[in-house]
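Take a look at the structure below.
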């Protein structure tokens, strides 16, 4: 019963989202697209955090992998610069990177896991920064408009591209990501991950191969984040090494917490909220770091389940109230 | 010249070791990765710089120690406030929250520093100038660097003695080894944790204060030391002081001679060493 | 005071008197965004001086009635937060806040990411301080200009500094044998060294590069570098070090006896004698990122008057002599002001963005450093001043020795339109 309700809600939201370009100004639409790409990132990140219980402070590395795949192909293989090649390529490279880093990291848990992921992402950062002639170093790489299935977008400006074809492309990929992630977390694999999160020893005892499953979660997570990074790069138009810096990874964690990592939809809401939060803080005060930092602290202390979590609790209370009211009559 | 290269290596190693000391203690005793470590370092730097500038025209030698102490003290105070207000609330919660709280503290403190000290640079080189230089085999070497190495050595010695030989230190180590057991044995976890956090914070502030006569205090001065401290902890092993020392020396000498022989290696050097250690011995040189 | 000499006949004059009012002047204020580093290591040396200047000039312009009678409403924004944050912010400023012009950007990465947004979002952006020569250059010579219809750079790029240094060294030290370089390991340092090395190869082919060092940005321990350089025994060392790194290097090098045998040549070293103070070593070669120097008097009267006012006013308000980021900020704001006034005359009312852009192309206007020209490639070209540091009784820090200052004209240090700087240098005879 509940399952169907959920899917109906999703379908309704999807239809609404189809009309968003007509409802929002171009500026707000582009901002929303940042939110959507980060929503995909958040979904991937939360597979590892919320469902497997591993906090990575270095997921920017996979975001960078996806984004730089796009940037590098634009620079070195302009002939292959079309979305149908770029997206799989981004997925491929984030896959490779998450296998390598994941293999090193999943041997450990808790604090050391976080430290390792942070260190490895900073290693990538140093490489991207240092190899100036290859990657553009601190200047970064430009991301021009791609082609899609033979359709070229030459001559139109980025805002038009983003509010037209690209929006629907992004929306479809977002929807697909949601569906796939939903499938993953509801599958036996997803249940196993949660079992590992809750009690590692018991999971091992009932035959779940903990380390292997953690690695799979890590890899899947990395791929989603890489996809988000690639999609993001077209919205931003420019990629720089600081995508792999730990502070950027910290923002990914922030978003997930803001939305709530105990709920599937949490990261999506958190991604969109954070995008607006940071921009409006920067737009309105020079002490925007104070605002973001204070918000984070207040969030952790007062709303540890995030915004989505708080809403869920509220809804549950209302439901209970309604149920009670129903019975007293 | 090679003597100077060696001294340079020692100096950088001293900086690394001292910077990582505070982080390591908090990590080892409380299991908390204090991402605001760099902010405490910065607070120490700004406080010391400000004090030096105020005192500069008055008493000659005493202000050296005064300035260092002021940085250490203020960082310790901030650490105390942090622990009482934020960290305390998080003991019962999971790791994610602790990391995020210290991350939030980092962002907050970065702007608080700006609110208090503004955006300009603070030059406080009086101690550096005062100590002058010494002749080492025909080369000039500033005595201040030797002073830093001495202080670091003393700090390291103090921590080693404290952790190993004093009752307080042994209690802290007990907590780091097994928190539940320690509670069971009747140790006042709350007070001890606060103490550990304040100690770690003060050491971070000391590191920042020591550096400020050689380089201006600027906004963002704590970001790099945080990463450096991090790498030393990764290379040396979590909570291991011996590892931090060895790691710091390894990196310090490799860097000093590397710059002279193969300069391109400098930027990624730290991460390369960390990377190799992570692959070969993931828990660090002396980690558990 | 000085600004009245500047206004190229636009105040009062033709605009308000037009009876038919082809384009009425709006009564609302002009919204200008000024984006500089207000946090982080670049704040103290660049962002804050730049921002101070924007505020100072806005104040002065408003006191005199604004631009064509419209007051300026200045909003200062922080350039920190990452390049993606700057892209979002620039879009917000142009599309949502609807600023009339976005002046800003110190970091080359910000400039490269943000300037394309001018055409994308239909807003005027004037980059004021970033150094990269890649900003307005195309991938190959010759390249089409302008790169951006609505994007401008109101100061010259790092090419002039490094070519200027090479020319200076050739003049004063034609017989040296060995040079070295110490530059921060990121695009700025790499680009600076590249231009310098290319120019040196052409001008002084017999000079050997004995060492190139690449400390990371924000390095606080230069002891290893200082020793390595001393061990290599170069005659002159090129450096584009800036901010805290430049000061740290100088102090530590002083302590280690570096300057007894080696001379530094700083591509943007003008602010540091004032920062370091009386201990700053003499006889160092210092370039001013243009002719931006508080003791430089431009030859033309309009600019000379401006310089006198500018130095006095900045010092009165902020307690220091202005450094080159201040001059750069002036240029950006006044490029806009002069372009608006020029365009208004042609349009007979308040000009559109396209008209302002058209007026800014090819614009020449006086500034405290001399006349500034923005070419058809939307990039400013400047003369460059290089000199020796020398202690005098009048100032508490070394100034540039007035007897041995060289000013290399713009044509000698700026590549012609459409040609890449490196290609141009390589084509010298």
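Which chain is which? They are A, B and C, in the order written, and residues in each are numbered from 1.
Simple rule for what comes next: contacts are C-beta pairs under 8 Å (C-beta built on N, C-alpha and C of every residue); 3 or more make two chains touch, one makes a residue touch a chain.
Keep in mind that this is a model prediction, so the values were computed, not measured.
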Far-end chain from subunit B, centres as C-alpha averages: C
Chain pair with more C-beta contacts, B-C versus A-C: B-C
Centroid distance [mean C-alpha coordinates] between subunit B and subunit A, Å: 34
Centroid distance [mean C-alpha coordinates] between subunit C and subunit A, Å: 39
Subunit B and subunit C, separation of their C-alpha mean positions in angstrom: 37
Touching two or more other chains - residue numbers and ranges from subunit A: 129-130, 288-289
Junction residues of subunit B - those touching two or more other chains: 110-111, 114, 267
Subunit C residues counted as touching two or more neighbouring chains: 38-39, 185
Subunit B contact footprint on subunit A (complex, rising order): 49, 55, 57, 104, 107-108, 110-112, 114-116, 118-120, 122-123, 126-127, 129-130, 246, 250, 253-254, 257, 261, 287-290, 292-297, 300-301, 304
Partner subunit C, residues of subunit A touching it in the complex: 25-28, 30-31, 34, 129-130, 132, 136-140, 142, 157-159, 236-238, 240, 242-243, 247-248, 275, 278-279, 282-283, 286, 288-289
Of subunit B, residues touching subunit A in the complex: 27, 31, 33, 35, 86, 89-90, 93, 95-97, 99-101, 103-112, 114-115, 227, 230-231, 233-234, 238, 267-268, 270-272, 274-275, 278-279, 282-283
Interfacial residue positions of subunit B with respect to subunit C in the complex: 1, 4-5, 7-9, 11-12, 15, 110-111, 114, 119-121, 123, 125, 128-129, 133, 139-142, 144-145, 211, 214-216, 218-221, 223-224, 255-256, 259-260, 263-264, 266-267
Residue ranges of subunit C in contact with subunit B within the complex: 38-41, 43-45, 47-48, 185, 211-216, 218, 220-221, 223-225, 227-228, 230-231, 243-244, 247-248, 251-252, 255-257, 275-277, 279
